[in-house]
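These are the structures in question, set out in turn.
Each of the two complexes below includes subunit A, the first together with subunit B, the second together with subunit C.
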Partner chain A sequence: MVFIRRYGTLIGFVAILVFFSVMLPGTFPTARNWLNITQQTSMLMVVAAGMTIVMVMGDFDLSVGSAASLAGIVAALMMAAGQPIWAAVAVALVVGLLGGAFNGAMVSLVGILPFIATLATMTMFSGIAFVVSGGKTISGRAIPEDFGNFARAGIPLGEWGGVAINLPNLSIIAIVVILAVWILLEQTTFGRRLYAIGGNMEAAHLSGIAVKRLRLIAFSLTGLAAAAGGLMYASRVASANPVQGSGLMLNAIAAVFLGTTMSRHGEPRILATVVGVIVLGVLDNGLTQMSVDSYIRQVLVGALILVAVGAGSIGQKRR
Partner chain B sequence: MAPSAPLLSATSVTKAYAGIPALSGANLVVAPGEIHALMGENGAGKSTLIKILAGVVSPDTADIKINGTPVSIESTKSAYRLGLRFIHQEFNVVPTLSVAENIFMGRRYPRRAGIFVDWADLNRQAQRALDRLSIDHIDPRQNLGTLGLGDQMLVRISAALLDDAKLYVMDEPTAALTADESQRLFRVLREIRASGSSVLYVSHRLDEVMTLCDKATVLRDGRSIDSGALTNITHDDLVALMIGRKVEEAYPKAVAAPRDTTVFAAANLVTPGLKPTSFSLREGEILGIAGLSGSGQSELIRAIFGDARMTSGTMALGNAPYVPFSPATAWQSGVAYVPRERRAEGLVMRRPIYENITLAHLKSQSRAGTWLTPNREKRFAAELGANMRLKAVGPGQDVIELSGGNQQKVVFAKAVAGDPRLLLLEEPTRGVDVGAKFDIYSIIRERTAKGAGVILVSSDLPELIGLCDRIAIMRDGAITTVVDAAGLREDDLVNLCYGRTTGMVAQ
Partner chain C sequence: MSLNKSILAIAGILLATTVLGTGAAFAQSKVAIVTPYMAQPGTQFYVEAFQAVADENDWEVNVIDTAGDVAAVISRMEDLVVQNVDAIVINVDPTQVTAGLQAAKDAGIPVFGMDAGADPLLVTNVTSNGYAMAAETSTYVADRIKGEGNVVMFVFEAFPPVQVRGVVADAVFGNYPDIKVLDRVTPDVADGGIADSRAKMEAILAANPEPGSIKAVWAAWDQPALGALQAIEDAGRSGEGIVITGIDANPQAREAIAAGGNFEASVAQDFSGIGAATADAVARVLAGEEILQSVTYVPTKLITKANATE
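Moving on to the complex of A and B:
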């Protein structure tokens, strides 16, 4: 029972891999497709990595999708106004960081529940994105070519079956972010303290941990990651509109939850989150290739989360 | 039904959890009209036995008879029908409901016309239940959540006394009660005994058991070791039976007298719950804080620990002024704290032992204050643990898997890990068994030998008298008296707590 609880998600993941490999032998288990998957999931990977930071403390952030959209809009508007790409990217990241800090202030300084605070800022960020963009998609000549080319480029890995294989830039960013979050959560006193807050906030406070400050910082980092995810998205589609990040929030939370089924006490772990993102990405990729309707896909992904998290609850003590 | 049959007899009770025996042949026989103590260290099998009687846990084998009739207790309902009542610390209460509603929980509310709840009658009956314990300061209509822990316990006890039963099983009922509340409870228990019903009484407080109970059954490692009348046994023999070895003293002796240097001083300390309070503490001294629950003990400790808004007053550690803005500054200044509730305030239950110990010392237990060094932390924790006889698989074991006494040792390990100059302790041995208690007292003595000052808040009066050099009595948020602990008697201390001045007070 414990085995199923701990490794059920991994077993399910392997089963999904086997299923798609059998159904799509020519296209699914290829290096090219896998690099494609890493690129398709890179935005979600970055946002989910940021989400993991707050979820370690037992909090969560519903505003990441809106923050991602807003960051994309801000960068696009600046570029449309003739600002250099680096300045646009930097300002967009700062906007994400400040938005996250605002969430953190509401949660830790004012004391509003994260669910309510970030639900409110979710609508606020989204509203601001609509207002500053006039509700329009910013695309075409307004976006410098270099910005859009970044997502298409990558590091050449060689040839495979006569086709050039690149490690996409977006995948590289995702890997760097995962590594950074892994170091932060697993190797530093900061991460240790966040896990202590998630385990028992009062005990952490009485052990001299600056709970309020750490929550503020953690929410800021989540906002920063959301903005990064939004910029990656904007680069990939070479445009920005005020709703393009909206799908990220639910998927990021789902990925972290899928990951928690793999840890000892159900606490979020960054590497488990990575597996969660890949599970969602592989499902999306495989089902699309099998031409499964996207609405059916939604039903399947939702069912998968219920099964994985539900299996985790079975065998746990209940009263 | 033979007239001489015991009220309850549970024989050859065995139970194993995942192959590990919790009970291996325990016997318990309670006669009608007696107060019977169930004794044993944490992990001896007391709670498993009680849970079996309560119908919460089903035994592997058991021969249970009530008044000589074999019964099987399949559920909490059948335990109730058999006339068994259970009062334990983790009793289900709903803080947002009224006292009366909590008393009647699980029972049928009195009705009007069969439909509407007769609130007046409900409150009247609840008041009667409270009256039985002579509780006049609790209004049955007030929300349970507005009461202190001790008062909540009294409400639970009154609820169990609402209808007559054969056997009342009480698990550490006095843990959160003041001395006076305990005395009231004991009076009711003696009434119950006089009426022919019985009480099965579980407590780590031996003095209570010796004065209150008629008989005792001692469990050790899942077996009943001995059973008999308490008049034939001494305090020390009982302890020896429980832990399987002789202990010379309940409280380890101080190795040296307190030094003359002052380690901590507070002058006119005022917080929202604390009236102007001044006192000082010497190196190596243990200052006890006694008083009725809610007299400002916690507020005083929290003020010193930087977890309260200080409106005025000054403090000094050694010769330097001490201004704690937060628990973080307190730890950094060498002030350590063992909180009242170890699960809620002391430990991160689902994290390993070593992480809990180093949590307050991560700056020194890491590289450059930033990079974790788990191996070094584990070695550090293992050394500390061995020193205080912590029973665990290893420093990587999760705290949740440890027994209460060992969990408390982890809290102490965290407190002493930074060599504190001032140690703040609140109820340091609550729910801790005899063997672990002695270990914890030894840890405290070890710190005073090194020159640390200790402030000890406790509702366990023998503990205060046995350990402290001086005892400060708090009433209504201020220290009213400070007395020398040497030669002090328990009833003197009780009188002091109530502000009575009837003779006897130590000079």
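Moving on to the complex of A and C:
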């Protein structure tokens, strides 16, 4: 039974891959399509990696989508004002970090439930993005070409069927972020302490773990990752508007939840989150290629999450 | 839940997609429409009209709504390129999806704009002619005031599609020696444009208290026209016969026009016509024809009291 609970999602994932490969033999299992998928999921990958850090402690961050939008807007406004790209990106990342730290302070120092604290900051960050941008989309000549070109470029990998294949820059960033979060959560004392807090916050506190400080840091990192995801999004669409990151939040939480069905005690693991993100990305990619109606696609994605998480929790009850 | 059941459930979902996805597999050409703006009323008219033409041509049409997500438009375009569809139609600012346009171009797949904006990577963009819309309302104003009197213009230079409307109105009014443009106002649009236009119009009315000193208000879009209407009515000067026109014929404007007050005319875009014309452009390119115009214009319609409620 433990085997099923732990590997059911993975088996489902493989089943999806096999299914699309059989249905779309000429296009789905190709290097080009998989590089597309890594690029398409790169922004969600980064935001979900950040979300994993707080969810390890049993916390949530509902503000990541708004933080991503705000970071994109801040960078775009700075670039539109003639600032260099590096400065715009740096300031936007700092904004994300500070926003995350603010979340952390509300949760750990003030003691507001994460769901409520980040629901409030979600609205605040979104409102700030609207205020500073005047509600407009910043695009066209206001955005330096180099900023938009970054998301379209990559490291050449050679040719495939006469078409040049690149490892996209956005995919590289996602890989680096995943690696960093993996080291942080799985290889450091910091990570082990976060898992201890997630296991039992009171016990962690009594055993001398600086719970407040760690939660503050964890939320800051989630905010930083959200800002990075927002900047990647802005680069991909060569523009920024005050709501463009909003879709990232629910998908990031969904990906982490899908991932939790693969771990021993249902705790989030970064590599499991990666699988969760890829499941969502592959469904979008494969179902588009099969010409499945986009609304039906949404229903299917929701159904899949229910099946995966439901199978996991029923397995747990039986145990 | 046993292993078998969970696999069964997933298999069921996948089977359902097979049935849904292969329904039109035997049609000839695959055409996809990608838009983040399906929820907007105009978009639905485009898509319905497009599909009507597509049905006649026996195309397999895949309508993809990314629900406001512009980056997802790029992702779905990449998927469509991998799938090697015959044509892609977009309804989004092309400068925001250059990555997707480039992927399609590299694969030799034509991309069409359905009221998207002009772009060198599009075969053509099908839209309404802003110059022609402004010509409709400015000549309406000139005719109604019999070619003489003071006119207030509401313009907006910062937004290109609205800027071109002002250019045409300038030319039309300039061609009448007895029409004088009293003021050329750029309202603050941060609040939607109605409130500030109203404030600006109140000031102009105060500065020109004589009845007949203002013959008409020409607005480059509906919001300033609605603001001017409020100002004129509140100043108790609606009886002077000041003629107001807007452009776009939004629901609020149609209501005001139908009510029979000073707001007399606006211009409606033909959304269905844009959808049908886009499908025609796709059909021509699929038939091997080369389209030379980077923009394809669809005629618009003057809206007056006679047809405001249609």
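Everything below uses one rule, namely that the second predicted complex is superposed on the first by the 316 of 319 C-alpha atoms of A that agree within 3 Å, B and C clash if a C-alpha of one lies under 4 Å from a C-alpha of the other, contacts with A are read in each partner's own complex, and residues count from 1 in each chain.
The criterion applied here is as follows: a contact is a pair of C-beta atoms (placed from the backbone, for glycine too) under 8 Å apart; a residue touches a chain by one contact, two chains touch by 3 or more.
Computed from a predicted model, the values in this text were never measured in an experiment.
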First (subunit B), second (subunit C), both or neither touched by A:V131: neither
I'd like to know which partner A:V14 touches here: subunit B for first, subunit C for second, both or neither. neither
Have a look at where A:N33 lands relative to subunit B and subunit C in the superposition and call it first, second, both or neither. second
Using the superposition on chain A described above, determine whether A:E267 touches subunit B (first), subunit C (second), both, or neither. first
Of the partners subunit B and subunit C, which touch A:I155 in the superposed model: first, second, both, neither? neither
Between subunit B and subunit C, whom does A:I296 touch in the aligned arrangement: first, second, both, or neither? second
Of subunit B and subunit C, the partner touching more residues of subunit A is C
A:A196 contacts which: subunit B (first), subunit C (second), both, neither? first
Contacts from subunit A onto subunit B in the complex sit at residues 186-193, 195-196, 199-200, 202-210, 265, 267
Partner subunit C, residues of subunit A touching it in the complex: 4, 8, 11-12, 15-16, 19, 23-24, 27, 30, 32-33, 36, 39-40, 43, 134-135, 137, 139-140, 148, 151-152, 163, 233, 236-239, 243-244, 246-247, 284-285, 287-296, 300, 303-304, 307-308, 310-311, 314-315
Subunit A partner contacts - residues on subunit C that touch it in the complex: 1-3, 5-7, 9-11, 13-14, 16-18, 20-22, 24, 30, 32, 60, 62-72, 74-76, 78-80, 82-84, 93, 95-99, 102, 106-107, 190
Subunit B - residues contacting subunit A, complex: 305, 307, 326-328, 330-332, 337, 339, 344-351, 355, 359-360, 362-363, 366, 369-372, 398, 414
